[in-house]
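The data blocks that follow each hold one structure.
What follows is a pair of complexes built around chain A, which joins chain B in one and chain C in the other.
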Partner chain A sequence: MKKIDVKICVGTTCYVMGAFQLQHLEDFLDKKSLENVNISGAPCLGCCQDKNYENAPFVEIDGDIIANATIVKIIKEIEERLK
Partner chain B sequence: MINRFANNHLEIEFSSKIKTGEDVCGDDFKSKFIAAEGRYISVLSDGLGSGIKASLLSNMVTTMALKFVEDNVDFLASAEIMMDSLPICEVRKISYATFTIVDAMIDGTTKIIEMDNPHFIHLRGTAEVEHDMKTLVSDRWNDRKIYVSEFKMKHGDRLIFFSDGVSQAGLGQRGHKFGWKREGCLDYIKYLVSQDEDISARKLSQQITTKACTFNPNNRKIDDISCGVAYYREPRRTILLTGPPYKESSDSEFADIIRYFKGKKIICGGTTASIISRELKREILTDIKNKNGFLPMTSEMKGVNLVTEGILTLTELAKYLESGETKETAPSIKELVELFHESDIVDFVVGTRVNIAHQDPTLPVDLEIRRNIVKKIKVILEINYRKIVNVRYI
Partner chain C sequence: MKHLSNAHKLKKQITVEVIKEFLSDKLEENLKYIPVNLRPRIKSSSRCCVYKDRELIKYRVMAALGVATEDEIEEATTLGEYGKVALERKSANKRILSVLNIACQSCVKARYLVTEACKGCLARPCTTVCPQQTIYVKDGQAYIDYAKCNNCGKCVDACPYSAIIHIPVPCEKECSVGAIKKNAYNQQYIDFDKCIYCGKCTNACPFGAVLEISQVIDVLKAIKGEKKVNALISPAIEGQFPGTLEQFVTAIKEIGFDEVYEVASGGLKLIKNESEVLEQKLRCKSESSQNNNCLMTSSSCPAYLELVKKYIPEMAQYVSQSKSPLQYTADKLSSENSDAVNVFIGSCMANKLEVQNSDNLDFCLTFEDLGAMLIAHKIDIQSLSETSLSPSKHNNEAKTIAKAGGLAAAVEKAFFENNTDKIDVHHIDGVTIDKIAELKLYANKEKITNYLEVTTCEGGCQNGPCSIGLMKLKSS
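What follows is the complex of A and B.
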């Protein structure tokens, strides 16, 4: 099975809006999720530059943008995809 | 002016270690670049004794010598004035401080004036170049001989001059009864240069003083240990791109700066990196394991030495440089500073498009305007680091 790509935006806006915590995502994942995801950082995904910048931080999961990302939200999203 | 000197540069750096038990260094080093003449003047002086008293003597000598040389005063006369004006030591009943003066023009014409410091070393590759010296003796101070050497440097030449703390390191120790001596130091310098033929003046001077400290048990320093190195070569350049260009139509021109620049390359900014990655079709890798303290992690891109986040990183960089590199900082800042240390000319290319999200007052952190931080960094690099800094807005 192809791994799920999780890209955490570490551009300035996302970083100050909470991506700092998101960097530690893997510490919160269970074994199954951990084996099936590929976590990386990303320099500015560009999402903050449209009108919805107040929704930072952004995370991209397999090409889909998650706004207002939190660790809980990302974990839910990953588990959903692993079902 | 910069173009006139474009292919010549004299990197002058200095390192010193304070005698164990003292609070200040009794050796002093001063250096000055006179841009209008394309002239570099450096003076190293070792004051009699150690601590504050020695520091006072050596500081007086370096300050006076720099001024006299700059004003082209007859050297014997100025040496007499210096010797006359030094305070007399209570213990030894003499007034005394040594000096080595390097007076070099950007075209390589060099004059070295020495009194009582170990004789300087002129290295071409790993071979020592020796020179005939002229001896000057003052009528009133006839026990103090002044030696003058004049020659022309070629690219790749190095001048190394040090206080006797270097040549006498380890004095009396087994294997070094008479200290490291100039010869021992010369062999070590040759070895260092043979290992890294491009070794910077800064690294070379640091390695010499560090080595000199190892000759006594527990790295105890029995004297102040100081070493200056002048390295004549082509300037080393670093470019730093930060911020997206004002007009999107300039993006490809912006990326071409990275493509064609010869030297070290730095990108500070997520959007900036994305633009360059898109234009040059070079992938950016951001490994989540590259944790970077309290700052966003760094990324990697082919052909670029360092890719970091923008505003937060630059703001921290300015604070760190302002602190004189004393505050705790993130690894990416140390990497940036090391790249600056190892270059002579730093070019900033600042994109002026404003990211509207950064101006939102509800952000938890105040974000400065890019242009202002770069201006601040430019001033620090010019004054405290003696770098030539160019800033261009796009």
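What follows is the complex of A and C.
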């Protein structure tokens, strides 16, 4: 099975607005999720343009953008895809 | 590890909005929109209603402008008028911290509580262990008589069901010196005669009621002005932002700073100085044929210096006479150009005090302030070219002084370069009530070491109250 691609935006805006915390995602995943995801940092995904910075941090999961990302939100998305 | 909190996010967002309005040259006119834009009627509120949220945001905007709650002119004074105050003042506000009393939730006094997990057991160790005999059992459940309870907490450990819990006041729990306490209305206030400006309370309050008084407007004004503006970057910068240090330098210059200097350069001087003085002290002692139990303690953490002054006066005689790395760096810059504006950028709140007391430093920004500036300017560090530092990048040893234990290790290493004598170095990582007791033992020579490094923040400056969080992921 192809692994789920989790790209955490570590552009300056996302990083300052909270991506620093998302970097610890790995520590919160169960074994099954861990085996099936590929977590990486991404340069600015371009989502923070215009007034949208307040919805940072952004995370891209298999091409879908998650705004106001939190570890809980990401885990939910991953589990949804593993069903 | 710093957690992602909505209170923090709001603080950064407000700073970004204030900076944007400054940059648009319509600060006075547009400030009034910030509370409304952040809490429009259609959006859900954090408190009882959006109107209370907006009122609180007003005071947070004031803090971002560098105006404390205590500086309130009248309740009806508008944000525009405070904007004018900020634009017209000649020097930064001397206040560093402020409690926003209407945001303070007036948490109930710290106490112990018997929860419903209590089974009213036969053993009832809680009743026997309590020195005040405050616990009684009624209808098969234990209760605490709060009139008699002195908050010793012995019952918590005694209960086999873990049915008794401690409910702290978060800000009081974090404050190692008891400087934040309740007034007659049950709201918290800071006793500045006791405060060491460590800033831990600002992150501890779940309601974000302890405000940091920012100097962003003062710095933005300086950048807009005629004088040259220098950015002095704390060694704690390592890993705080994405990208390389050289890209970061480009980013700071894009904001409008003229030159960027690493405070680590002053760190090298500090390490050399400390090891030499230590050497002299040890030599003096051994000549007078006493034991080598001379003590020297570090002087570069400004919150620790306040701690010594206010709580451990017996330690004062052992505090190193060396200046801080920041001071060395600022002195050198001032000797080269006394007309330039020197801005320190770091993770620390107590540094604001150091900057205030220095002739050669003008303003103090935090990494959070700087992050907000980058967002407002739409600068993405990783997409920038690199600018080399002048003078060139400092060695890693000087940078490790931002980590707890780094200075002690560097001083020890420098000492051994010229000596073969044995010395003992030790570091205290993070000031807590227990650590203050340990420091008193060192000051009274009940515990012996030769060089004692103290960092008020656990982990060192890189974990300061205004840090962003260490970079772990590398972007592909």
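Just so we're on the same page, the second predicted complex is superposed on the first by the 81 of 83 C-alpha atoms of A that agree within 3 Å, B and C clash if a C-alpha of one lies under 4 Å from a C-alpha of the other, contacts with A are read in each partner's own complex, and residues count from 1 in each chain.
Here is the rule we use: a contact is a pair of C-beta atoms (placed from the backbone, for glycine too) under 8 Å apart; a residue touches a chain by one contact, two chains touch by 3 or more.
Note that this is a predicted model, so its numbers are computed, not measured.
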First, second, both or neither for A:Q23, with chain B first and chain C second: both
Would you check which partner chain A:T13 touches, where first means chain B only, second means chain C only, and both and neither mean what they say? both
Contact-wise, after the overlay, does A:I75 reach chain B, chain C, both or neither (first, second, both, neither)? neither
Should A:A42 be classified as contacting the first partner (chain B), the second (chain C), both, or neither? both
On the A-aligned overlay, A:L34 touches which partner chain: chain B = first, chain C = second, or both, or neither? neither
A:I4 contacts which: chain B (first), chain C (second), both, neither? neither
Considering only the contact definition stated at the top, list the common interface residues of chain A for chain B and chain C. 8, 10-13, 15-17, 20, 23, 39-44, 48-49, 53-54
Can you list the residues on chain A that touch chain B in the complex? 8-13, 15-17, 19-20, 23, 25-26, 39-44, 46, 48-49, 53-54, 56
Residue set of chain B touching chain A in the complex reads 269-271, 273-274, 284-288, 290-291, 294, 296-297, 299, 307, 309-312, 355-358, 360, 362-365, 367
So, in the complex, the side of chain C touching chain A is made of residues 1-4, 9, 12-13, 16, 241-243, 251, 368, 371-372, 374-375, 378-383, 468-476
Which part of chain A faces chain C closely enough to touch in the complex? 8, 10-13, 15-18, 20-24, 39-44, 48-49, 53-54, 70
